[in-house]
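Scrolling down, you'll hit the structures one after another.
Consider the two complexes below, in which chain A is the common component and chain B and chain C are the respective partners.
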Partner chain A sequence: MNNEKEKLGRREFIKDALRTMTAAVIGGMGGFIGGRAAKNTVWQLDPNKCVQCERCSTHCVLTESAVKCVHAYDVCGYCQLCGGYHRPGAKIQDTAAENQLCPTGAIQRTYVENPYYEYTITEALCNGCGKCVKGCGAFGNGSLYLQVRHDRCLNCNECAIATVCPSGAYQRVPSDRPYILKGQQGQGS
Partner chain B sequence: MGKILTYVGIALAVAAVLAGIIFSSNRTSSAVNKPPEAAILYNIDDYKKVDPALIGYTEVRQIKPAFRELYGMACDADDKIYVTGDEQLAIFDPAGDEISRIDLGHEAKCVTLSPDQLIYLGLNHTVAVLDRNGKALRSWVAESESAVITSVAAGERDVFVADAMNKVVLQYDPAGNLLRRIGEKDPESERPGFIIPSFYFDLAIDPDGFLWVVNPGLHTFENYTFEGKLRASWRKTAFDLEGFGGCCNPTHMAILPDGSFVTSEKGLVRVKIHDPTGQFRTVVAAPNQFAEGTVGLDLAVDSRGQILVLDPKTGMIRIFAKRSS
Partner chain C sequence: MSRAVVRPKSWVMFILLAICLINSAALAQDPARFPKPEFESGYQQPPTQTPPPRSTGREWMDVFVLAVALGLTSYFALKKRSRRAIWAMAVFSVIYFGFIREGCVCAVGSLQNVSAALFLSDYVIPLTVLAFFVIPLIFTLFFGRTFCAAVCPLGAVQDLVMVKPVPVAGWLQEVLGLFRYVYLGFAVLFAATGSAFLICRYDPFVSIFRMGNDFGMMLYSIGFVALSIFVARPYCRFLCPYGVLLGWMSQLSKKHLTITPDSCHVCRLCETSCPMGAIDKPTPEKLPVTREQGIRRLGVLLIFVPVMIAIGGGTFSRLDVFLSKMHPTVSLAEKIDLENRTGTAGTTVETLTFRSSGTPAETLFAEAGIIRKRFRIGGWLLGGFLGLILGVKLIGLSIFRTSTEYEPNRAACFSCGRCFSYCPNEHQRLENIRHY
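Moving on, here comes the complex of A and B:
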């Protein structure tokens, strides 16, 4: 009788062990997959939280910041006097350097038709300072905004800009949706 | 052998800890303590400063309508105040007490009174007419359902409707029959039409009975005859007090009994007065009198020349009177 109990006990022990191992394997796989999924995130800044403090241009580990200005054309007013392009005190709304707000001349102004102008960012020149973003948000429709460009970003574990961002605009987002866009593109994402 | 491995392990651990300390201290000094360089700081607060001597009005009273959202405001000949918000119209007596509230069923972005004291409302793409007691008299769709009505002005025989979506002023008779379209783009005369970068497009009838329309993208006031002909205009583009800056200013206007224009702006949020020829006269309220993010200040003028400012940010009607000095 005791032997039978003992045999049953061993069987139960083996079954329990198998169950535990299976659970551990499944759990481990889940953890591994979950961990992999959690790792598939990238840094991005929320334009709705950004306060244009200019730290994006100075604190990125890259010499030329990975943060660049992008333009939501469907939000833009195509204005002759553009708060993102012209210095607030500019007397004449032309393309003279002294009238431009961008310190690197990274915004191209193209005549469309009277009195509309298109504004295009020359990414290679943009240093991510966000002056144009501040001007556009204050005086215009807010179509200019900053984004971390993932063709440049090294995706550091601890983003140097995120650590000093005063508005907490930096967050990790899924790598398959790496941008927080404005306008119709933003609605679709 | 075991001892050697132990020593190597300890050495590696110490090296790792030291590297971590050095790395983190470098990050702290270079990242956290490094302010943006002063040379590239851009502070628009400099443009918000106003010489107190240029402020000719003082805030004398506030009325707090029981609305979550505020949209439009008008003042009648008896100084009753009409305010829209939360799909309702509220009417206040001159003392600021609410005397009636009418359900509209839709958001009314603008309200005005006709000379015969009928209430005209812009309900998205529909014009609604109520009598003084709030009884609905008639309504009509403003030409198309794509219309976004941002302002209505009513004369004795004409009703003018600002459609910001289609960038046109629509002229109707009081029954709602379309008489003409005013101010459209005209390639022949090279008139660009109304430039409306955002949904701010205001109009009003002056004491002489002429229609004035704000062309916000051009910072221009345009004066039209009731036959739709451009009669006069003035334009002031500037960030200082002399003019209007940004993409679309002024956002709202009202006309004083002497024909002067009261204007409100976004970006540099301020209320000021220009004389009938466009010359800057005085500041009613300076930027520092408004909360950050304030936009959409509708304006009205009462019979005593007080200026009423509907402030959606604080949810209040703010009343400004001329300084006694």
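Moving on, here comes the complex of A and C:
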């Protein structure tokens, strides 16, 4: 009986020692990584690397992608003939649906003053395909570009779009600077 | 007017567009082609809207909720001994960590972030993710796997749909349970080489929490939930890689859930109560082998373990070419190499993008070579780990620890508390409480 007790005591002691050691290892590892740990990060795509492959619109875990087109107004030329707005080869460059490049009609064109037009993205309609981005980059100033919209993004541990992005444009950025913007806003932040 | 007639104005635009498209790569970095207009009507350019992400404060709140939920579940499992309270916690976790937080980040997945942080110099782990990894481990070190009982949303959802669990034979459970180690090994290998987050990619429950995914994953998720009705916690028992770590912690745990609140009378009422097969029976009077035989067997196995480690390491390190295909750089390098050898170019978007970037193929091949070398080392570690696990499992089969009670198996028990009500002592305890 006494022997049993001694045995139990020994077993408990070994267990205690092992537990303390394990806790120390976890703590040490946590400290080691934690020392280099940074602020929280979120996914963002670098518009300078983006090649507009259209996968953003199809590979997001959300049915309606978290990636949307945004507009850097101070980069825009406010052209009447817009490479991001009009379908190439459109017979008339007006606002008729068949002449628009955007498959969902998410770009609004409003007259500002002769000869300038303002282009606004209706985010609720945008599916993040980047067709307009391609058009704008090819023909215009490149003021239209794609961004992960953080009011929608779920911040998955492994971004489903990042795994298929052909240009490696997706990266994790600090959550206090969650956008990679073009124009003045991009330089200011 | 036929369709073939093209107006001159459109012609000009078309050609312009075509030229621009051809030169787009070269022109992409150009400053504005069209100067910024000088508005006369007082028009103000609106700023680009930037809706902020979920605040860091809320991320920390999740960590806080995790710690509180773990504390409560541990209290319910060890002190209060209430299956109903544990069930309620499971419902809470499925709603909060599952449907509200939509699954990310979870402790199971965080082990990949930790692996990446340990092995990749350019990966930084957010502190909240580290907390999600460490807190459940520490809790398990003191109270057993209460995290699995009702805090982990993956475990909780399986627990809640467990309607008619069929018993799984002990040997089958052990064999299927080995998949967890394989999954853990591969998950760490791919995370540590920066290839992929396997656990996230094949998470069977995140599609349920997010109510949507692609068709294949949706089918996989629904299949898993359907399976969980008849097989108790199939993910936890046969796949969960984090469960391996928790199992190790739980074996050292200071306290643990007990079946009986008092001492076991070996009445056998709880024997089949655990749908997870996590109750250890008392050892029989007569062991299947004599002590001498057991010692000899152990001796043989102890010699065998290093051999198995070597075989495992050797095998997996030779799979480096195959395994490294998971890394995007290596897979791109292979595609480029194939295109170069067959004299085709730009067969995929990836290769087209790479070729237009102007990076020489040699740089890419060199990078891929470095990654492949890492996979070779990783293969040795992974194979060695799996060999070691197999060896330790075999040794475990030859060690008999005497026990005179029905006890939860510390490594396998999820602390769900289903066994409480099977114990007559528990009924006595509840009766006593009611009287006071």
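We adopt the following convention: the second predicted complex is superposed on the first by the 150 of 189 C-alpha atoms of A that agree within 3 Å, B and C clash if a C-alpha of one lies under 4 Å from a C-alpha of the other, contacts with A are read in each partner's own complex, and residues count from 1 in each chain.
Methods note: contacts are C-beta pairs under 8 Å (C-beta built on N, C-alpha and C of every residue); 3 or more make two chains touch, one makes a residue touch a chain.
Values in this document were obtained by computation on a predicted structure and should not be read as measured data.
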Using the touch definition from the top, say if A:105 reaches chain B (first), chain C (second), both or neither.
neither
So in the superposed three-chain picture, is A:9 touching just chain B, just chain C, both, or none of them (first/second/both/neither)?
neither
Between chain B (first) and chain C (second), which, if any, makes contact with A:57: first, second, both or neither?
first
Across chain A, the partner (chain B or chain C) reaching more residues is C
Look at A:42 in the shared chain and tell me whether it touches chain B only, chain C only, both, or neither; answer first, second, both or neither.
second
Figure out whether A:80 sits in contact with chain B (first) or chain C (second), or with both, or with neither.
first
Looking at A:141, would you say it contacts chain B, chain C, both, or neither? Reply first, second, both or neither.
both
Could you look at A:175 and tell me whether it touches chain B, chain C, both or neither (first, second, both, neither)?
second
Given the touch rule stated above, what does A:153 touch, chain B (first), chain C (second), both, or neither?
second
Considering only the touch criterion stated at the top, classify A:129 as touching first (chain B), second (chain C), both, or neither.
first
The intersection of the chain A residues contacting chain B with those contacting chain C is 53, 55, 77-79, 81, 83, 88-89, 91, 93, 116, 138-141, 158, 163
Could you please specify the touching residues of chain A with respect to chain B in the complex?
52-55, 57-59, 77-83, 88-89, 91, 93, 101, 103, 114-116, 129, 131, 134-135, 138-141, 158, 160, 163-164
Can you list the residues on chain B that touch chain A in the complex?
27, 30-32, 34, 36-37, 40-42, 44, 47, 190, 192, 195, 197-198, 217-219, 237-239, 245-248, 266-268
Interface with chain A, chain C side, in the complex: residues 6-7, 10, 13-14, 16-17, 20-21, 24, 28, 32-37, 39-41, 43, 45-54, 56, 59, 102, 104-106, 109-110, 112-114, 117-118, 124-130, 133-134, 137-138, 141, 196-197, 200-201, 206, 210, 212-213, 248-249, 252-254, 328, 348-350, 352-353, 356-357
In their shared complex, at which residues does chain A touch chain C?
15-16, 18-19, 22-23, 26, 29-30, 33-34, 36-42, 51, 53, 55, 61-63, 70-75, 77-79, 81, 83, 88-91, 93, 112-113, 116, 118, 120, 137-142, 149-151, 153-158, 163, 166-168, 175-176, 178-179, 181, 183, 185
